[in-house]
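The structures considered in this document are given below.
In the two complexes that follow, subunit A is the common piece, with subunit B as its partner first and subunit C second.
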Partner chain A sequence: MQGVRAVGLSSVRRVYAAARAHVQSSTPGGGGGGGGGVGNFLSSSNEKALGGVRFASLKAVRNRMRSIASIGKITKAMKMVAAAKLRGTQARQDLSRPFAASVRQFFDLLPLEKLGSETKAGVAEPKRRLLVVITSDRGLCGSVNTNVCRLARQMLPHGAASPVSDGVETNIMVIGDKGRDALQRTSAAFFTTTFRDVFKAPVSFPQAVIIAEEILAQSPDEVVIFYNRFKSAISQVPTQQPLLGLQLLMDNASVFDGYEFDSDMDSSQVMVDLFEFEVATQLYGALLENATSEQAARMSAMDNASTNAAEMLDKLTLQYNRERQAVITTELVEIVAGASALQK
Partner chain B sequence: MPQYWRVAGLSYLQYANVCAEYVRRVLKEPERTKALSRAGYSMIKATWKDGKVASRVTLESALLDDPVKSISAAAAASEKNNS
Partner chain C sequence: MNKWLRPALRTTLRLWRRQWSAEATSGASVSTGASSPSSEEAGRVTLNFFCPHQVIAKNRQVVSVIVPAASGLMGILPNHVPTVAQMRPGVVTIIGDGGAEERYFVSSGFTFVHPDRTDICAVEAVRVSDIDPEEVSKALADCEAKLASSSSSAAAGTAEAQRAAVAQIGVDVYLAMQGVVSGTR
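Coming up: the complex of A and B.
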């Protein structure tokens, strides 16, 4: 009757079932462990077989494989999303570049380095310097955020706890959650404003204007923007870009005498407007550069992660199969040994 | 003579922003939706004081739905900054 029940199963299973019947009929109490083990291997729903210690590692490996496979799927999907977003932001960036370049060209007439050293010696009141740190809201994008924060930290007065030190007042404006989290621990006292969700939708110029207004409202003597410059899809360079404050600009307005201002208004007003526009366009450019860098970095980070996951899965599959084979061999040996013992 | 928008208390950037919004609105249909969707945003600004968050505001492009309101809001903001 036991043999009839086994008809129709695969050949391997038939052997198991027959052997199980043998063992159970000969030793009613003792064979439960081994027989249960076989059942557990074939159908994991057998509750009685949970004591089968022999298969614990097999099960663990299987669970691990499953989780690695799904993580691999997620990282692969994230890579695809990053690649698609990268194309979008890169197109935006290319379109916006001429606007920033023309204004930049005009303001490049100012000898920036020379002015910086002069003011340090000459001006008595605390120089206000604003560091604008541009980071992303989300992680999993390699080291782009860490690099920018490290660069920004170098500009902070060493070991100082308050914003004013050596006649220079340093303030930090952080864009993005990651930079806020990274700098908050050491330099929260320097914070004036933080923004989040800036990169949630594609960066727009009105948005850059709002942030630029915030920068101008703090009337700094010098603004330094920290961001990742997008060199290529595999290379992003952490960059600091200084912008001069309005006061210094007005003091040195004579360098622009070569230009003729075609306006009904007096040229100083035009300079103020141009300066505001300069801050907004430079900030917009930096935001776009950083958004592009973030997506590029995420793409390569997720590509690496997917490769690693595939590699790990291969290794585990090999291990799993080896172990499975070993279990089968052991079972067969036990069955054959049991059967031959009974025959004698 | 200073510009009329400066008299109204706007800065150049705010003025440019409001003008750009109007231009987007008067575009013909396929371009109008495209241009308006490009300009949308929503972000959160937190103001810090002594290493702590003092206040949080959500800045949204929805403010520009009412141009008159947006102008007066911009003017109020710049007035606050100047004082």
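Coming up: the complex of A and C.
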């Protein structure tokens, strides 16, 4: 869209300048009743070329108008589609938010700030941190993907080329083509897994479970999920949500002593299952948030694009008409001047 | 069927065992500081029942709930001890005013009994009346066949073992479902 617009504007300006040149050089002569100006204009050596340019530029404007009108139609259609999809995902998200929130609330008993001081001594081996970056597969949705990738990049160790630095191993798992393309350039060394076509069908819990299994297979000490939180149709907030790894959870299991763990196996197994459930649940919530944000961002981006296209079309239409009139005026002047020359 | 009678018998026991005495409850609510005694004092359970794609109940006041915990059916009355319970395939029964029952089949999930509310987070939940018995027995036969075919070649690699595990889960879920459906009709 950007490139298209830049080209369009410059050609408009050229056409406009050419049209002004015609009008200015022809009208005084015509009004004066066959003065030297008209004679000069007609006899100038590049008359033929000017006439050619005159018609070609009119045609160029017409072509641009047509292409802008069709781009405008496409963006408008995309906006409609995004709006329809947004309604669907938003309804689904409204139903799923309490589910993720109620699981989250239980784990909020273990505040993250408190954790740093208590567990540092306990963790001797390199800490494994997994960044899960959720982006969309398709573009034309504003800056949601850029924002999330920027946030994720800030978590990477500065200037490090390998995943392990200062005893902390950082890995990236990317969901969505756009994030993969954006992060591959700078941080391909950190990649472990990438997913695509996640948002092709509506986000479902089984899908989240598959991704969660992949996360758990890497047994990280900390999982950070990056996604766009859907605040409203015009505001999406890039968010990072840290989840504790199983080991840290087990080390701090005393926080949950207020609760009785019901199981026919030992209670540590319940903790493991609960942790896996939590990862899948939070991932599901984040996927839905991001899917909703994507559609909302696409809707507003396409709305802007449609408005811009309409604006450009208006300007070009004005331009086209003005030039058409200039051409007619010039032709009239030529006829009048020719007739008066014959009368002499 | 025998499989089904056992947990049911245990329920009644658990219902009594799980009930806290009055002094214990007041202690719990002080320590967590998050309880809303108004709803609990009225002799009601504040119930939230969520699925990933559905909200079945939110802040609903009910008389009691019975959930299929891993170790047997668990009845939850007001002032239940805070608990985290893993669920197995079975029926969640919500008992409202005047003993009106609502029965949902859940595949798995967790139940969190907080001092001030009860959250049931199920992976999948359907009304028992919406289950088609014929489909259940068909799917059960299907899973049993899969389990039989994969366990005959049990020594084969992990992929085969995983398939067997998936079939086993299917058998468990559908057996439970069948037990529920045939029990109600």
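Keep this in mind: the second predicted complex is superposed on the first by the 281 of 344 C-alpha atoms of A that agree within 3 Å, B and C clash if a C-alpha of one lies under 4 Å from a C-alpha of the other, contacts with A are read in each partner's own complex, and residues count from 1 in each chain.
In this text, contacts are C-beta pairs under 8 Å (C-beta built on N, C-alpha and C of every residue); 3 or more make two chains touch, one makes a residue touch a chain.
Quantities reported herein were computed from a predicted structural model and do not represent experimental measurements.
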Subunit B versus subunit C as contact partner of A:S96, first or second or both or neither: second
Subunit B versus subunit C as contact partner of A:A188, first or second or both or neither: first
Partner chain in contact with A:F205 - subunit B first, subunit C second, else both or neither: both
Partner chain in contact with A:M302 - subunit B first, subunit C second, else both or neither: neither
Touching partner for A:E260 - first (subunit B), second (subunit C), both, neither: second
Touching partner for A:F277 - first (subunit B), second (subunit C), both, neither: both
First, second, both or neither for A:F106, with subunit B first and subunit C second: second
Overlap of the subunit B and subunit C footprints on subunit A, listed as residue numbers: 204-205, 264-265, 273, 277
List of subunit A residues in touch with subunit C within their complex: 92, 95-96, 98-99, 102-103, 105-106, 204-205, 208, 256, 258-265, 270, 273-274, 277, 281, 284
Residue ranges of subunit B in contact with subunit A within the complex: 1-3, 6, 11-14, 16-17, 20-21, 38-48, 50-53, 59, 61, 64, 77-78, 81
Partner subunit B, residues of subunit A touching it in the complex: 188-189, 191-198, 200-207, 209-210, 212-214, 216-217, 264-265, 269, 272-273, 276-277, 280
Interface residues, subunit C side, partner subunit A - complex: 28, 31-32, 48, 50-55, 58, 69-71, 74, 81-86, 109-110, 112-113, 119, 121, 123
